[in-house]
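Shared between the two complexes below is subunit A, which has subunit B as its partner in the first and subunit C in the second.
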Partner chain A sequence: MGAGHGTHLHVEGHSVVHRLPAHTKLVGLVVFVLLVVALPRDAHGLRVATLLVAVGVVAATRVPLRHVASRLVVEVPFVVFALVLPFVATGPQRTIGPVTVSRDGLDAGLALLATATTSVLMAISFATTTSSRDLVRALQHLRVPDRLVQILSFMVRYLGVVGSQAQRMKVARESRGFRARSLGSWPVIASSAGALFIRSYERGERVHLAMMSRGYTGQMPVTDPLSAGRRDWSRALLPSAFAVVALVIGYAA
Partner chain B sequence: MSTPVLDVRGLAFAYPDGHQALFGVDLHVHRGERVALLGPNGAGKTTLVLHLNGILEAGAGSVTISGLPVTRPNHLEIRRRVGIVFQDPDDQLFMPTVRDDVAFGPGNLGLRGAELEARVETALAAVGMSHLADRAPHHLSFGQRRRVAIATVLAMEPEILVLDEPSSNLDPASRRELGELLESLDVTVLMVTHDLPFALQLCERSVVLSDGVVAADGPTRDLLGDGELLHTHRLELPWGFSG
Partner chain C sequence: MHVPDGFLNAPTSVATSVVAAGAVGLALSRARRELDDRTAPLAGLVAVFVFAAQMLNFPVGAGTSGHLLGGALAAVLVGPWTATLCLTVVLAVQSLLFADGGITALGTNVVLMAVVGVWTGWLVFVGLRRLVRSAGVRAVPALAGVAAVVSVPVAALTFTALYAVGGHAPIPLGELAAAMLGWHTVIGLGEGVITFLAVGSIIATRPDLVHGARGLTAARELEIRTGVPA
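Now for the complex of A and B:
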């Protein structure tokens, strides 16, 4: 069988954030992140304020901290870059304790670190409170091109199927004494991957047949439309409202 | 006699590569009948099934469903009338949840809201899967997935249910439960199968398709009792069953 419940991003719950319609959350997330990255570079105070807003949203999801922390790992490349930046950037220098770093680099590094953390936290609060089904419905509702929505939806559905097929092929290889140890074993792995592509392609054709057999004519029917009231929208856009205020203060200063 | 639900006359078909799969098939199925379509691998069973709802277009001959010919302008109505359940439920169940999947067919027919919901509920109840409506198809057992696959088609209220190898890959208990389920449904059934005891259990009448023609058509018990006929068309009862 496919991946268990535990490996998915989504965490069941009934918090305020969970209950918001998915499309309002998605709009809220994108607007908020765009506003945060638009903050002036040296507005560190305001950046910390938006970071606190993101932390507040994560707290409101009531998702276990452990779960959020492990998802934060995606940020690591940005953290590394932010840490390196003060040492490699040029311009006026500044001495902090035993080390001398570039002042511009330090500013840019701190800004990058705060912006990345804020954005990732918001993205995690979206991902942990929205099921993949609702994400697909949200994209459909927001009029993202149908083709893209379908690709995403099929990926969600068939990732497990293709994954378990790959796993079965691996077991079958190893049952005949194969072990991937050297470069010499690459052709075997490559041909397995090729076979997997062909099988997936054929499955795609069969799925298409099954879809046509049930009256599919190129457009996914919206059988369960999303709806949102003014209250939902105002809640979903609340973090963005904070970010707008921060942005205005930042550019006025 | 009334208009047959399924009326296939002189159906012939060759694939684009020149391989001819059907050489003039005649088949009539009347309302309320359960008919087994038997035949060895490569006999043309799947090719025939794909003609019933217009996925493949007849090279010669005709297919008519309750009086409506299978032609391109009629495709949507034909696909409502003919419900095909494919062999691999993973091919049939492609939506994120069971409920969405069952709603896909009636959704394509334009149903929305309470009417659609009622269709979904009824279809899931008919296969005993109402409690799994909000689960993802890939989290279900194989037997459950096959039942849901049947529900996805029942939700379109078809006039004929066409099942491709319904008992394949099922453990004996799931196979028995599927048999009970199919017996409980008030719908005309055409069942493609290699599972001869399953055909005998569910279908009074059987049709043997061999080399692209109908080789025999009669009561299942008589056909399965004819050892020579079975042998000629590479059909075999499981070991221990006498012919």
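Now for the complex of A and C:
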């Protein structure tokens, strides 16, 4: 299920969403999704409304639709779960056409489907418009513990390097006639994973030495800090404002 | 494998996030002991490795394939505290840069994989290692494999427990637990075999890099050979 991470999501662009400072986008994303998750279970109309807000945000990023659609694949296992829910849940039954399903299960399935889709769409619009460097700067700005940010920044920095090393090892295996078809190929792939670990670890040691020789003291200097005005914040929190309205309506009703 | 948003209700998501933040905070201070000041670059590269290893597909047959989760593997290779940090960062990047795994469910995912997955694996590994200490470094791959087998269903059971607290639909819990346990035991067996094979191949070349094998490798006397025939 974790397959398909090969391509970076980020797409260069100059839309409104692209130009927002990364930390405002991140705060906006987390607040919005949290509010959507907090909606009452049976408020299907409001959920669809928040889904439309997310669709609007995706449209505002002006990222090609094909790119967005291919990312929705990550949802598939949970779509399956949402479809199964009405049949396995207990509680009062309800008949729709030829089938009898659990009413609670149906509500929960619909809620899961709408919430997960809304949140994946919002996450996609964050990921497509934010470079990995901006994500690191945003986390720094939001006072996430420095060590964690550093680990994350090394991870995103070397993702491509180690990824293409893994790819080269795959090409090397296959050019020697290896085909991953059966359980018999496991030892080969596992020892590739082992080799990849040793290579990554040793690269980490070399990177550390190279940084030491350039005066690294355990802290990365903050160059080019992020800043955001009231206008940026109000734009970034606009979807959350809609979600607050939905939440108020949901609990008032 | 990643929990999406909307699976668990808001209070449960917030609660797991608080637990996750506490665990990560503790791991941040303890990981120093495992990697000293090399923490950031090394843990970063190990995180990349976990990420890349999760993309290696292992064919199961009939056109389907599985992949590694890597909690127990990372714990045995770099120690549990560093592994917690690495898995956390991997999950954060997957959620924020690849839209895989929910944003509000990040805390839940961290608890399941970076805390329960890693620590179950580590505790099982350490417990077993104590039992068969005399076998030395040769036993480490097998112990890591067993630890991986156990860690996956335990994480699945933890998820079932979280669902019981914060799920939206009343599913009979016994059945859910049985289904989760059955399915994840199968996944766990695959995870165990891969972990066994991978740790074995690392022990064969660089036993010094495997955190779980520290203190088990026999110190070898420096041997100076003179008079080698030409």
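Operating definition for what follows: the second predicted complex is superposed on the first by the 220 of 253 C-alpha atoms of A that agree within 3 Å, B and C clash if a C-alpha of one lies under 4 Å from a C-alpha of the other, contacts with A are read in each partner's own complex, and residues count from 1 in each chain.
Following the convention adopted for this analysis, contacts are C-beta pairs under 8 Å (C-beta built on N, C-alpha and C of every residue); 3 or more make two chains touch, one makes a residue touch a chain.
These figures come from a predicted structure and were not determined experimentally.
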Based on the superposed arrangement, let me know which partner A:S153 touches: subunit B (first), subunit C (second), both, or neither?
-> both
Could you look at A:F78 and tell me whether it touches subunit B, subunit C, both or neither (first, second, both, neither)?
-> second
What is the contact status of A:P92 with respect to subunit B (first) and subunit C (second): first, second, both, or neither?
-> neither
Which holds for A:G177: it touches subunit B only (first), subunit C only (second), both, or neither?
-> neither
Touching A:R214 in the superposition: subunit B (first), subunit C (second), both, neither?
-> first
Could you say whether A:V37 touches subunit B, subunit C, both of them, or neither, answering first, second, both or neither?
-> second
Check the contacts made with subunit A and report whether subunit B or subunit C touches more of its residues.
-> C
Where does A:V136 make contact in the superposed view: on subunit B (first), on subunit C (second), on both, or on neither?
-> first
Using the touch definition from the top, say if A:T223 reaches subunit B (first), subunit C (second), both or neither.
-> first
Have a look at where A:P145 lands relative to subunit B and subunit C in the superposition and call it first, second, both or neither.
-> second
Touching both subunit C and subunit B, counted on subunit A across the two superposed complexes | 1-2, 5, 132, 153-154, 156-158, 161, 203, 207, 211
Which positions of subunit A touch subunit C when the two form their complex?
-> 1-3, 5-6, 8-10, 26, 29-30, 33-34, 36-38, 41, 71, 74-75, 78, 85, 88-91, 102, 104-105, 107-109, 111-112, 114-116, 118-120, 122-124, 126-127, 130, 132, 135, 145, 147-148, 150-159, 161-163, 166, 180-183, 185-187, 189-198, 200-201, 203-205, 207-208, 211, 218
Which positions of subunit A touch subunit B when the two form their complex?
-> 1-2, 5, 131-133, 136, 153-154, 156-158, 160-161, 203, 206-207, 209-217, 221-224
State the interface residues of subunit B toward subunit A in the complex, per the touch definition above.
-> 50, 53, 55, 76, 79-80, 82-84, 86, 88, 90-97, 99-100, 103-109, 112, 116, 136-139, 152-153, 156
Spell out the residues on subunit C that touch subunit A in their complex, using ranges where they run on.
-> 1-2, 4-7, 9-10, 13-14, 24-25, 28, 31, 37-49, 51-61, 65, 67-68, 77, 85-86, 88-90, 92-100, 102-104, 167-172, 175, 193-194, 196-202, 205-206, 209
